[in-house]
Structure formats: C-alpha cells, structure tokens
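In the two assemblies presented below, chain A is common to both, partnered first by chain B and then by chain C.
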Partner chain A sequence: MTAAVRRAVFLVFGAGLLALLLWSFGGLPDLGHYVGPYGDLVNALTIPERHSTDAVTTVNFDVRGFDTLGEDAILFAAVVGVAVLLRVLRDEHERPRPEEDASGRRIENTSSAIRLLGAGLVGPTIVLGLYIVAHGQLTPGGGFQGGVILATALLLVFLSDQYITLRRVGPMALIEAAEGVGVAGFALIGVAGLIWGSSYMENFLPLGTTGTLLSAGTIPLNSVAVGVAVTGGFAFMLSEFLEQTLVVRRE
Partner chain B sequence: MSYAVAAWIMVVGLYGVVTSRNLIHLIICLTVVQSSTYVVLLSVGYKTDGVPPVFYDVPPSPRAVDPVVQALTLTDIVVGTTVTALLLAVAVQAHKRFGTLDPEELRPLRG
Partner chain C sequence: MSVLQVAALLLVAVVGTATALTREPLRQAILSSLYGLVLGILFFVFQAPDVALSQTAVGAVALPLMILLALAKVRGGAR
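Let's turn to the complex of A and B:
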C-alpha cells in the first residue's frame, strides 16, 4: 500500500471516526454540568475522614489506592521492559569512555554557561522534588509529580558534566534498589492495613492535625513510597537510554 | 466544545500515526492520541465556575471540581509516559538491527 493510498483510506475512516466520536460525546452531560456523586463525596469527606486537604491525593493514595498499586506495577513492568530491551547485546560491548570512539574528532567541552546553570539548578530541583513529595496531602503534588522532578535532577547532572560523573553521582545499584523498595513499600503499607486494620490498604495510622506535614495517616507514607519508586524508575530509564547512546558500541 | 477538541486531537494524532515515516515521530503522535483522553477526563469532572479540589487555605466548597477524574488523569499520564519509554526502547533496538527508523522499510520477515 503506497503512502498516498493509505492517507486516502485514513481520511475516509478518520472522518467517520471523528463523526462517531462527536456523536457519542453528544450523549455526555454538557461541560460544566457535573453529574457523578463520587467527586462531590470525596471533596466533602477528604477533611473530616482523612484529614487531607488535597482531594486528588486522597483519591490517589487512599480511596483509590488499589488502582495506584496497579499503576505502580505498570511503571515497574515498563522499567523492567526497558532494561531488558536496552541490555548489552551479544555483538556489543561497553566502552566506558565515549570520547575514544570519535576518532579524529575533538569532543567539544560543555560550555561553562550550561555547566554553571545545570550545577546551580541541581540543588533547588532536589529541594523542590522533596517538597512536592512531602506535601502531597496538603497541596497539589505527591509521589508521582515529585518523583519525576527528582529524576530530573539527575538529568541536570548529566547536562552540566560528563556521563561518567553521572554514573558516580547516581550509582546504578542504588537507583535499581530505590525502584524495587518503592514499589514493594507501597504494597507492604497496604498489607500493614490488613494487619493493624481490617482491610487491605486501610488507613490505619492516626490521622493527625489537618494541614500539618504528618497528617492524613498512611497517605504521606504511600506518597513517599511512590516518590521513591518513581524517582528510581525514571532515573533508571534515563540512564539506560543515556548508556545506550554514550557507552554501548557495536563491535 | 472541549469534547470536540478531544475528538479532534485524537483523530489528528491517528493521522500522524498512519502517515508517519519515522518511528520517533510515530511514538510522539501516539502520545498526542493519548492526550485527548486527558481532555475528556478533565471535561467530565468540570463544573461551571469550578474551583480546584484542594482545601488547604480555602474551606471545602460544593463548587470544587471532581478529584476522581483528576487522579485518573494522573494515572493516565504516568501510564502514557511508561509506554512511551518502552516504545522508544523498541525504536532504539529497531534502528540498531535494521539501520532505519522508517516503518515502511521495517517489513516483517526481513533481515
């Protein structure tokens, strides 16, 4: 099938799909006229029942925590998948110094402006990430958002210096362990609910004072566990891709 | 109106997937398709003159929008990102094996 034919076929069926979608969306309630009871229920109960002021985090790490466990598992599976796909193949080998490969080509040094900016941003990025993870139950944020910000700090280290430094700063064993510990921790906090409460993922800890850092029972614990898992997972995938471009060479 | 936007984003993304000549471009188009679901989810939970479902410095109000669909959107984004990472890893290996990123030239039963 040539590209032109394929495009023509798609334009016909794409227009059909668009019409069907618009027709089916017509059956939904109009924008701004919310009907479901669940959102309003969670909004009304998040402070009296969970002492958490961010309803989205309450949903994520408590009310709908079991779904987040599945989400965590998807993240874990994807990280394992990337690791398997980007492993060093039989006809490849690792060359630790990428500079050696570009024969006769001088590697430009990273400009000092980028180095300074990158190095200067690493600290604030880590602080921001930790803040977002820790304040999930109070203000918008939580383990997923904060974890991604923390993994970005690693990318900044790479930008401001060589990959070799990145390997020294972010030891792979620690990153891999963080991913596993985070996912397992989230599942085990659920089991703890089974032991000290009555059901899996029950919020069994004292709820504390609304609006403080250590409030909302297991929600901040779950948030931290997810934050560790996401940081580990994203940092791992990031370094796998970097390794693929910088270190692995085909013989 | 926002549902129409979501439908449009989805079809435009699919058009990109169908006509793509580069695997990286194709994967980005797939994330465009996925982003239409964010628009649908957030539209379902929206209320006219709604306020965010965060009550740190404001008292809970019945005007707050649905937090459940917002949490679902978060799940959606995370899953989308991981799928993108996995597909990019496949693209890296495809490029290594066949020396091309053009899906036209990546015929099955070749090489």
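Let's turn to the complex of A and C:
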C-alpha cells in the first residue's frame, strides 16, 4: 500500500469517525445533568449507608469492591509480566558502573540543584501519599492514587543519585512482598465479610462517625490494602526499569 | 460550560495533537507527560477529582518515566 492510498483510506474513515463522533456528542446529556438512577442512588446513600464522604471511593472499595479486586489482579499480572520481561538475561550481568559502585563518590553530571530538590521532596511525597491513602473515604483519592504517589518517592531517590545506596540498604525485598501482600489483603478482607457478615466483601465493621479517619467500616482497610499493593507494584516496576538501566550490563 | 472548562478542553486538544505529531521519542515522552498533566487538569475542572489524581499520577509521572527509562536502556545498549 503506497503512502497516497494509505492517506486516502485514512481520510475516508477519519471523516466517517468524525461524523459519527459529532452525531453521538449531540445526544449526550448536558454537563451536570446526569441521567440514570445509579449515580443519584450512590450520591444519596453514601453518607447514610456507609458514613463515607467520597462517593467514588465508596463505589470502588465497597459497592463495587469486587471490580476493584479484578483491577488489583490485572495490576498484579502486569507487574509479573514486567518482571518476566526485564529479568536479568543469560548474557547479561549485574554490575554497577564503576563510578556508581564506589561508595561516597558522586556522578558528575547530575547538578546539585536537582539532587537537593530530589532529596528534599522524598519526605513530603511520602507524607502526601500516606495522607491520600489514609483519607480515601473522606476526600478524593484513595489507595490507588496514594500508592502511585508513594511509588514515585523511589523516582525522587533515583533523581537525587541515591538509588545505588538505597539498593544496598535494600527495601527491595519489602517492595516485592508488598504487591502480593496488598492484593491478598484486599481479597481476605472480602472473605472476612463472608465470615462475619453474610456475603463476600460485605462491609461488616462498625461504620463510625462520618468524617473521621476511622469511619466507613472496611473502606479505609481496603484503601490501605490497595495502597500497599499499588505502592509495591509500581515501585517494583520502577525498580526493575532502574535496575535494567543502571545496573545490568551486557557482557 | 465555564471559560475554565473550554480552556482546559482546548489545551488538551493542542497538547494532544502536539504529542501525536512529535516524532522524536525523547521529546514525545516529555510531551506525553505534559499531556497527562493537562488531562488531569481537564478532569479536575469537570469535577472529577478522583480521576484527576489518578490521571496526574499515572499519566504525568509513571508512564513517561517508564518510557524514559526504556529509552535510556535502549540507547545505553546501542552505545
């Protein structure tokens, strides 16, 4: 297929797609005019039934918690896939570059401004991530968002040139375990609903006072479990990429 | 629709087109990070803060970072 034919085919189908899109946009309800019972029901029931002030988190970790379990499993599969793809191959060898291996010596081409900023932001990033995980049922965010933020703390460590040091001190085993522990924890909280409640993922814990940190029953527990899983998963993927880039050399 | 929402939509259209038209992978990775951020702002001004947080964390940081690290590995291997 020549370039001209390809462009002609694209233009024809592109125009068709545009026409269909514009047609379908015409049928959308106006902004803020939601049609359909489910959203209104969730909005009306979130506070009285679950004592939670964030309807989205309530849907994710309670009303539709089973879907989140599936998403958790998808993330787990993706992380395992990355680990398999990025494993150290037979003709590769784990060996830090000499300048990274020598302790206390700095790589010259990272400016001290970036290093200082990176190191200074590690603490605030971790606090922000923990805050978002812990306040899942109160404010926007939850285990997933907070977990990704927590995992990016690892990136800041890398930016501030401390990755090799971190690797030597070694929370890597912890990171590898966190993904599995988080996913298993989420599934087991569901089983607990089966034991102490009447169905899988039933919110069996006392709901507490609306607006406090320990309210909404199992929702904060689920948020923390997902937070641990996502932190572990993303940090593991990042560290695998960093290992491949910084440490593994082809002999 | 408010001015802010129209501005966010236009910004997404411009940055999205720029990302698609960029051919150099390194620049495209940086632009895709900007695109993730702009998309996060769009979700935020359309009153979806939960999605905006996810979008910003994944689209503006995690995904471009993995592309960058993969690029670094590919280029390091070619050297």
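Everything below uses one rule, namely that the second predicted complex is superposed on the first by the 219 of 251 C-alpha atoms of A that agree within 3 Å, B and C clash if a C-alpha of one lies under 4 Å from a C-alpha of the other, contacts with A are read in each partner's own complex, and residues count from 1 in each chain.
In the analysis below, contacts are C-beta pairs under 8 Å (C-beta built on N, C-alpha and C of every residue); 3 or more make two chains touch, one makes a residue touch a chain.
Model, not experiment: these values are computed from the prediction.
Q: Aligned on chain A, chain B and chain C: do they clash or fit?
A: Chain B and chain C fit side by side in the superposed model.
Q: Tell me the contact category for A:I195 with respect to chain B and chain C: first, second, both or neither.
A: Neither partner.
Q: Contact-wise, after the overlay, does A:I132 reach chain B, chain C, both or neither (first, second, both, neither)?
A: second
Q: If you tally the residues of chain A touched by each partner, is the higher count for chain B or for chain C?
A: B
Q: Should A:L242 be classified as contacting the first partner (chain B), the second (chain C), both, or neither?
A: second
Q: Regarding the shared-chain residue A:L31, is it in contact with chain B (first), chain C (second), both, or neither?
A: Touch status of A:L31: both partners.
Q: With the two complexes superposed on chain A, say which partner A:L155 touches: chain B (first), chain C (second), both, or neither.
A: second
Q: Per the contact definition in the header, classify A:A113: touching chain B only (first), chain C only (second), both, or neither.
A: In the superposition, A:A113 contacts neither chain B nor chain C.
Q: Which partner does A:T58 contact after superposing on A: first (chain B), second (chain C), both, neither?
A: Only chain B is touched by A:T58; chain C is not.
Q: For A:V12, select first, second, both or neither according to whether it touches chain B, chain C, the two together, or no partner.
A: Neither partner.
Q: Can you give the closest approach of chain B to chain C, taken over C-alpha atoms and in whole Å, for the superposition?
A: 5
Q: Can you list the residues of chain A that meet both chain B and chain C?
A: Common interface on chain A, chain B vs chain C: 31, 54, 56, 140, 144, 237, 241, 244, 250.
Q: What does chain A use to touch chain B in their complex?
A: Residues of chain A touching chain B: 3, 6-7, 10-11, 14, 17-18, 21-22, 25, 28, 31-34, 36, 38-40, 42-44, 46-47, 53-56, 58-60, 63-64, 67-68, 71, 74-75, 77-79, 81-82, 85-86, 89, 138-140, 144, 211, 230, 233, 237, 240-241, 244, 250.
Q: What residues on chain A touch chain C, complex-wise?
A: That would be residues 31, 54, 56-57, 132, 140-142, 144-145, 148-149, 151-152, 155, 234, 237-238, 241-242, 244-245, 250 of chain A.
Q: What part of chain B is in contact with chain A in the complex they form?
A: 1-4, 6-8, 10-11, 14-15, 18-19, 21, 40, 43-48, 50, 52-56, 60, 62, 64-71, 74-75, 78-79, 82-83, 85-86, 88-90, 92-93, 96, 104
Q: Under the definition above, what is the set of chain C residues touching chain A in their complex?
A: 1, 5, 46, 49-54, 57-58, 61-62, 65-66, 69-70, 72-73, 76-77
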